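Encoded as structure tokens, the structure appears first; notes follow it.
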Amino acid sequence: MSKSAPTTSLCRYTDTEIFYRDRNLVDELLTGDSDFVTVMMQHILGRDVPPGQKRVMNAILITMMEHGLTPSAIATRSIYMSAPENLQGAVAAGLLAVGSQFVGTIENNARLLAELVDLEGDAQAARAAGIVREHRARKAHLPGFGHHLHKPDDPRALRLLEIGEAECETPRYLTALRTLSAAVDAEFQRHITINATGATAALLGDMDIPVELMRGFAVISRAAGLVAHIAEEQRKPSGRFIWETIDKAMPFES
Amino acid sequence: MSKSAPTTSLCRYTDTEIFYRDRNLVDELLTGDSDFVTVMMQHILGRDVPPGQKRVMNAILITMMEHGLTPSAIATRSIYMSAPENLQGAVAAGLLAVGSQFVGTIENNARLLAELVDLEGDAQAARAAGIVREHRARKAHLPGFGHHLHKPDDPRALRLLEIGEAECETPRYLTALRTLSAAVDAEFQRHITINATGATAALLGDMDIPVELMRGFAVISRAAGLVAHIAEEQRKPSGRFIWETIDKAMPFES
Amino acid sequence: MSKSAPTTSLCRYTDTEIFYRDRNLVDELLTGDSDFVTVMMQHILGRDVPPGQKRVMNAILITMMEHGLTPSAIATRSIYMSAPENLQGAVAAGLLAVGSQFVGTIENNARLLAELVDLEGDAQAARAAGIVREHRARKAHLPGFGHHLHKPDDPRALRLLEIGEAECETPRYLTALRTLSAAVDAEFQRHITINATGATAALLGDMDIPVELMRGFAVISRAAGLVAHIAEEQRKPSGRFIWETIDKAMPFES
Amino acid sequence: MSKSAPTTSLCRYTDTEIFYRDRNLVDELLTGDSDFVTVMMQHILGRDVPPGQKRVMNAILITMMEHGLTPSAIATRSIYMSAPENLQGAVAAGLLAVGSQFVGTIENNARLLAELVDLEGDAQAARAAGIVREHRARKAHLPGFGHHLHKPDDPRALRLLEIGEAECETPRYLTALRTLSAAVDAEFQRHITINATGATAALLGDMDIPVELMRGFAVISRAAGLVAHIAEEQRKPSGRFIWETIDKAMPFES
């Protein structure tokens, strides 16, 4: 066994008081203008959150909340139909889609940007060009770029970058992303969009959020989106339709 | 198969635009002062949200986010230790705790209040007294009342009621909860606290949120709290300590 | 805190030995003819398992393993597409479908049978008739009877009953199910099939498996079925097809 | 959209018949001596299963089923306490632990063995020595070797290898594992145990099971083990004890 017990800095309570980190929940956090996103950021990150970062986080959470009948939403609706008494199970099922194929690309892009942020000017541009050529040479997808639907530009990405550049005091990751984007366009001789996950990676990086925590914010945002799908399912059920549609659409072949 | 396909009102998109319900995501929702909680409420509830309701929802989400090393947090930390590459799995595991024993009491309390809200004055008081006596007679716990730790009053409940009463224009559920509370104290001849789930039930009821959707907001809030536990786990791991502590604490008995 | 710690009877180990309950894993359970289903039953139920019960359990597990592109399988395939690095998440998502709408009817049927098993002959028949009339009067579905597809008889149910009647020494639940079935046919003046969940409830009941544990065997069996869906997904991916099919089939309506 | 719909080979059904792949469920699989493990293997692997492979699979499933109060079992018990109405959620939570830190090492070991199986004699020994030296040089754990508890030998691994060598006609992976083990002992000048995951990797490899499907069998086996923990929880609840123990053991530190 470990020599000494690990500790927690998240919460303590007595009969009459509850603290989130060092703040009294009732007296300091549940005030007239209390704001969930600010409290959540302070709680997760363990530091005060400047107003600009709060605005950026709101934009990120709104953007990642919803994209229609995705695999995540289909899973949630299928499970909700089967076990409507367990709403949390339907949300949990859908959240399990926050993996490598969609949201995980945030992390992959952030890792690329981390290779660039300590360089400046020509050195950064040269390293970015190298990254792009190296991906192209092995025919690898460059995370954070391209979108199968939103062309020539992902409208969400443009707005997120705009918000980030307005709010961020020292936009190191944003600058690195712009540099990488220029290298992409130069290498392919045409404009390829920065996508929403690419923009999100830069914004989270500029808030000093560790790469391995980044998808956590997608999970929170997506939880809200999936509750909306369940609310719709309660009024306009689609679970049986999804079942019958797929069962018919995929024939048996021995 | 159903005659006609179900429809969705949540999202549509083209190459250049994305809509959440009838609002353009980029132009209408990702504005300088965009607010995740407001967008989320509009999206889930399908209606505009008055500022007072937004303040109440922020208070609810903050309150349900965290309560230390609960079974939910223990599950999340145990899974995160085993599969740190799948942050979403650790959150999903913890969210599965949002069931009957803790959060589900919100719904049970809301159903009691629903029996009272259409009554007034003496009729409401009489029905409330009947509900309390009936629960006492079968030694059933009255959902929304009492707390094993926070006595004589749950400080969160008092503040939530205060916020609700300040913000809510027609506090029908809040009034019913106060009536029920008076009946509880009269029947047991001592003060028993309204707890946080009781207060939450009344606040959600007064926002016309259907009972079967109520726990969805606990799921969203708790997702944020569990991400905080994972962030702490990344810096101060406790998963192996939890394992060894429980493995030692529970002896084998044939 | 509880006065004394709870204990576990499931497993103990030293540097050189591992025990499942009171049996040495290596010396007693991993023998040449070791059988997972038998070991699993002994481990879950904490008692020896007669050969007839082993045969019945094999039949139940095989029957509940698969039924094509169900909501459970659709959820698993959707999650697997999104996070293929996380096979266990895809299975977990699909297992969350083992809820009230399908498998939960096993428990509801078992509870009805439990009302009948202590009665005999005419008294049992009278109580069964009462149960059927009472369900019909409130237009409630009678759990364990009817199938939207398999008519006039669910072939799985017939075979399971046959196996159960061959293997079970004192078929109290099976007899009660036959009595209930006769009451159903008499009340509705036509034959309504016992379905697979009804037959399963009786077989599990006659093995003295508690109602609240019954769905656990569906979970184990379904886990195997969902791994088969993932194996197929690895060779013939359908996740993107499911996504695109549903996204097209459910139009936006504001 | 894809040109043509994907197909499924797993299941088809009519009003009166159900087929698992090409076999009639009732007539061919639910026979007197029907065996879940055999049917499951045929269903997942899409081929007939020789008796020796069935015996090996039973041994593997039994071995991976249980190891006491692991993080997986702690998560299941914590969730079951919170939502006992939702047994499948408690199992799903525990299964999410089947990730990189424990079971995932099966896959890592299988990948090493795959580098060796096509070599013979001295060439295989030389490559094995190279793999060991390379891991040692970067102080990386060699997957499949060593156990923090079971020393000098993991008794499960020895028995699994014994069973595999008795049943397997062309033990290519088993031979490669023996070669790797010899290289480990030579490099470190002492005996280091092959562990249960190492042995399992070799046995699954010699059944031609793809690496990316291997953890699926751990999921099935562990599902059974977690149902046993829930059955014990129903008779001797530990969920609240786990909560209180951990809450006390991990102090708050600001």
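For clarity, chains are labelled A, B, C and D in written order, and residue numbers in each chain start from 1.
Basically, a contact is a pair of C-beta atoms (placed from the backbone, for glycine too) under 8 Å apart; a residue touches a chain by one contact, two chains touch by 3 or more.
Bear in mind the structure is a predicted one, so any value in this text is a computation, not a measurement.
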| item | value |
| --- | --- |
| Label of the chain whose CA centroid is most distant from the centroid of subunit B | D |
| Contact-richer chain pair [C-D vs B-C] | C-D |
| Rounded Å distance between subunit B and subunit D, as computed from the means of their C-alpha atoms | 38 |
| Chain centre separation in whole Å, for subunit C relative to subunit B (CA means) | 32 |
| Centroid spacing, where centroids are CA-atom means, of subunit C and subunit D in whole angstrom | 23 |
| Residue numbers of subunit A (touch at least two other chains) | 5-9, 11-12, 68-69, 83-86, 88-89, 92-93, 96-99, 238, 241, 245, 249-250 |
| Complex contact set, residues of subunit A against subunit B | 1-2, 5-13, 15-18, 20, 25-26, 29-30, 32-37, 39-40, 43-46, 55, 57-59, 61-63, 65-69, 84, 86-89, 91-93, 95-99, 149-151, 153, 155-156, 158-160, 163, 166, 210, 212-213, 215-217, 219-221, 223-225, 227-232, 234, 236-238, 240-241, 244-245, 248 |
| Subunit D-touching residues of subunit A, taken from the complex the two chains share | 5-9, 11-12, 21-22, 83, 85-86, 88-89, 92, 249-254 |
| Residue ranges of subunit D in contact with subunit B within the complex | 68-72, 74-75, 78-79, 81-86, 89-90, 92-94, 96-102, 104, 238-239, 241-243, 245-247, 249-250 |
